[in-house]
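Here come two complexes built around subunit A, the first alongside subunit B, the second alongside subunit C.
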Partner chain A sequence: MSETIQNTQTPTAFPVAAPLVDVRGVGKVYGPKTVLDDVSMTVRSGEVVGLVGPNGAGKTTLIRILSGMSRPSRGEGMVLGRDITSTTGHVPFMGLMVERPMFIETLSARRNLELLFGIRGAADGSTARDVLRRVGLDPSERKAVRTYSLGMRQRLSLAQAIGENPSLVVLDEPTNGLDPQGIIEMRDLVRELADRDGMGVLLTSHLLAEVGAVCDRVILIHKGRAQRVFSPNDADARSLMVLEVAASADLDRVAAMGGLEVVGSDGPLRVRIRVRESVPDAVRALVHAGVGIEAIHRDDSGLERAYMETVGA
Partner chain B sequence: MGGLGALRHEAVRLTSRWRYILAALVMMIVGILSMISRQDGLVTGPGTNGFVPYSGAMLWLSELDGAGIFFLIWPLIIGGTLAEDLESGLASLLITRSGSRWRWLGAKCSAAYVSSTALLLVLSAVWLIVAALLAPWDPTYAGAVVAWGSQLATSAPLVLGLIVVLILGLAGATTSAMTMLLAALGAGRTTSQVGATVAYLGLMIFMPGPMNPSDRASMLSVFAEWATPLTTVCYWVCAFGFTAGITYILLRVRENR
Partner chain C sequence: MGRTGALIRTELARLFVSRRWLAAVLVWGVVAKSAADEIAGDAFNSGRLAWTAYDVHAALMNNTFLVGFLMLTTFVLIACEGLARDRETRFAHVVLVRAGSRRQWWASKVIPMLLAAIVFQVGAFGASLAVGAYEGATLSRAPSEFALGQEGAGGDAASQLFFTPPAPGDDMLWREVGTSLYLVLGFAAVGMAALALTVRYPISWLPALAVLGVTMLDRILSWFIRAPWYSWVSPSLRMLEGMHSPAVVDDPLPLWSSLLWWGLLLLGSAIVGARTLERVDV
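And then the complex of A and B:
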């Protein structure tokens, strides 16, 4: 993931205007147990949508339905033009990163990809090399995959998912086993898939800060239901900043300033404010007012709060 | 592409695993040792009674015949890939690329046949060389084989050997398909399917001749009228098709329940 290469392929053809995923009221019942209930969602090209929720919330069941591996008990909708209630055997092509990736252990990463991409026969010889570079693996490496670390296997699994430029990529716990640098690279790559390549990305993760940082929308699933849809990038979330101020700062004066709203405080040195206008203007105003700012950063805990309010309740 | 690419992926996956290589080496060594152990009883050249009781051709054909036992327990040796697919989620990845479930499952079944037949072809070539080194290659004395093969054994033993190899490949594919069926029944639990396959084979061994997989896998040495190539092929094809078909239905039912 350290090297950026030019992507010469366009995503697998799909009408740009139509949502890649558009499902309504989806439910799944196993015997007497309802594992998914009335979930509606869309994923469009160039959009990253996150699914978060505790274990057993229904995320995997939803992904299985969306990827054509299971039929819903209720609901309707289309995924890549395929009716999710269809009984025909056709399964549309999408990039899948499964939670427990499996490879041909005795072969190299490149050979693994060549064989996998050979199933569709749509990739040329350079596709495996390019995608390996893109996820930060060495395409000339001849070591068998069985010698790979967990992080390298995770990168290879991502390469399996994004190779051949699918319109829709589904990533199940993509940061599992990655070190902090790998997590950052993964986040950048996911954004790049959406922003530059125009793919629609649906991902699950337990790392709420990462989900909040990379997703356009986050769906909180709990007890089989989509409890909340959270947009980390909406104006409200973007404008929430944390100020670390000098102990001598006059917080009453800050609270009285126009364009700012003090919405919380973690003691006298950390103040959470909502900036109604631009952040640079707010900082200038604070400095002008004599407030000693030690540090300022965006408040990323919004999703965490929303999660705890929903799940922890 | 779909089906062919999936077949290639599956065949490479099977044949590149160390268990496959190890199984091949064990079969090869056991076969060679078996032929060597019978060398003491060989009479090179015309015997005292004017005939050669053992020849390289007989050694080779009887070894191929005995290889059937390996292919009855083939999936227990190399393991079940369907269980692995279901447990790991690899099934989703392969199905979305294959375009359909039946292509994915068809590729698995075809790969089971390709991998077992390819291995047998290599083994039969090695055994053929060893047999020719151990005893004179005298097809006239191919030994006692089932009625339908006796003429072919003397006129074209290599063709007879090839027929046996192709049919035994079906036996390996069928037991692999049975393992897949048990994986589908057991929702991918590998441990349960090993025991279940043993139970299945144990049950089948006690079945009467025409239905007995052990007799069908040792088709040259079973002296029965019913053991013709056609009925033997039909037996394995039907068993193979039945188990593969039921597996497919079970997988669909599991997904759609």
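And then the complex of A and C:
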């Protein structure tokens, strides 16, 4: 997935100013069981939004509603201009990657893509080749998809989701079955889809670190409700640093400093600090104050803590 | 090619580029061999009458076990599980998100199923001729001695092996093409009902099980209910060409009633399936 290929397709444009996803109060009830309750959310072009929650939290149900596979029991809203309370129309401009994907098992990956892309008529054979390269699969491979590993299926599923250059890409557990290199490549590609191609991306994953690294906003869903929205890149989250010092006396010096605040301890010689000014200024101040710095880095555990506070409560 | 056409092409690839058709080839061979053996045995016992490969097909198409159990169940197993399987495997999601509407998606399931009904009858026809020829019958299109003088007319329709006697000048090829077309209609109607069933209950093995169960129940009831009216409601009896001939059964069914019966089942199932699909979660 490391290769970068410019998609020359005419973008299947959706008006950029309008939110791609704008839903309010969405709920889903199966008999007596409420699986989704009063979820509101938006996704805009160029934005990566994560849905995080334990198994059975309602993430996949929400994705099924947004992609037109299921009608909500409550709520309203639009996805790419389509009313979510209607199943009569299709969802234009959406790429959808489902969990544990299956294809036409007797055909090659490329043939599968050609058939799928042929439905919208928005992409051709060369697009299938290009997007297979982009996700790290060999477009000249003639093996039937039934011989593919889970990781290869995930890459193929991603290829079918992004190949037609949609305005919105919905990825359900995209890192399932991928090896560490594949996970890193997937993360880079998702960011590229948003930053370079201007797509809106909505994804679910159980890998909190990956979600935190790639998403602009993360919606924590628990027991069918959107409990909290976490923004890994907002100023508050980015001001949190982890500082590891050489001796316990350094901790006293840090505590006495202005311009930063100790917000917690992560070990005998490790603290979490909130930097009130810029990080370079804070580092200079620490050095000037004689603090023996062993290591300092951004605190990426904010999402994990938010998750545990929400789900573990 | 429009969106519906592309959807149909995708479904045709899913349906026909499949090793499941090897099961169909096996079933065609088994049913043709079984029908040929019965024709050969009865022709021999009837005074060594000459028979042709077309007689094999005619006999096959009038055998409730071979048609109702083996062929119909295999057909439904192969051609009517696509919608349920796509939903089980979530392939439906990547297709439906591209489909213009659920009606178009439904059409993309219905039309390949109808084509599969034709292919299934063509396969059975071809196998009958091939096995008949292999067993020593001629491919003459003129009615055979056996066809003109077959026994059993007026007997018990449920266990009747044989078929409407041809007239001496009949062309057996076109006669059997007509029989095959009738069976295409019957298979398509049952297939449509099975497909519509999977809209509400997306379980891939359910259509074949349902058809097998209904056929078994129908056969059991037909053993107990000997009244002529039962043949009006029995799908597996109505499926037989010979049930419309006074030479074969005492109370033949009018052909128009069967065409109407299958036509209504086909059309009704198509409408119910399409309307239900608009409402269900996929």
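In this text, the second predicted complex is superposed on the first by the 303 of 313 C-alpha atoms of A that agree within 3 Å, B and C clash if a C-alpha of one lies under 4 Å from a C-alpha of the other, contacts with A are read in each partner's own complex, and residues count from 1 in each chain.
Assume contacts are C-beta pairs under 8 Å (C-beta built on N, C-alpha and C of every residue); 3 or more make two chains touch, one makes a residue touch a chain.
Remember, predicted model here, so these are calculated numbers, not experimental data.
**Q** For the combined arrangement obtained by superposing on subunit A, do subunit B and subunit C clash, or do they fit?
**A** Aligned on subunit A, subunit C clashes with subunit B.
**Q** Under the stated touch criterion, which partner chain does A:T106 make contact with: subunit B (first), subunit C (second), both, or neither?
**A** Both partners, subunit B and subunit C.
**Q** Tell me which partner A:R24 touches in the superposition: subunit B (first), subunit C (second), both or neither.
**A** A:R24 contacts neither subunit B nor subunit C.
**Q** Have a look at where A:F93 lands relative to subunit B and subunit C in the superposition and call it first, second, both or neither.
**A** In the superposition, A:F93 touches subunit B alone.
**Q** For A:R71, decide between first (touching subunit B), second (touching subunit C), both and neither.
**A** A:R71 contacts both subunit B and subunit C.
**Q** Considering only the touch criterion stated at the top, classify A:R120 as touching first (subunit B), second (subunit C), both, or neither.
**A** Both partners, subunit B and subunit C.
**Q** Can you tell which stretch of subunit C bumps into subunit B once we superpose, 40-48, 148-156 or 238-246?
**A** Among 40-48, 148-156 or 238-246, only one stretch of subunit C overlaps subunit B, namely 238-246.
**Q** Quick check on the output: what are the common subunit A residues between the subunit B footprint and the subunit C footprint?
**A** Residues common to the subunit A contacts of subunit C and of subunit B are 64, 67-71, 87, 89-91, 94, 96, 98-102, 104, 106-107, 115-116, 118-121, 160, listed in rising order.
**Q** Please output the residues of subunit B touching subunit A within their complex, sorted ascending.
**A** 1-2, 4-6, 8-9, 12-13, 16-18, 84-85, 87-102, 255-257
**Q** Spell out the part of subunit A that touches subunit C in their complex, as residue ranges.
**A** 64, 67-71, 87-91, 94-96, 98-104, 106-107, 111, 115-116, 118-121, 157, 160-161
**Q** Report the residues of subunit A in contact with subunit B in the complex, numbered from low to high.
**A** Subunit A reaches subunit B through residues 30, 64, 67-71, 87, 89-94, 96, 98-102, 104-107, 115-116, 118-122, 160, 172.
**Q** Going by the contact rule set out above, which residues of subunit C touch subunit A in the complex?
**A** 1, 3, 6-7, 9-10, 13-14, 17-19, 89-102, 278-279, 281-282
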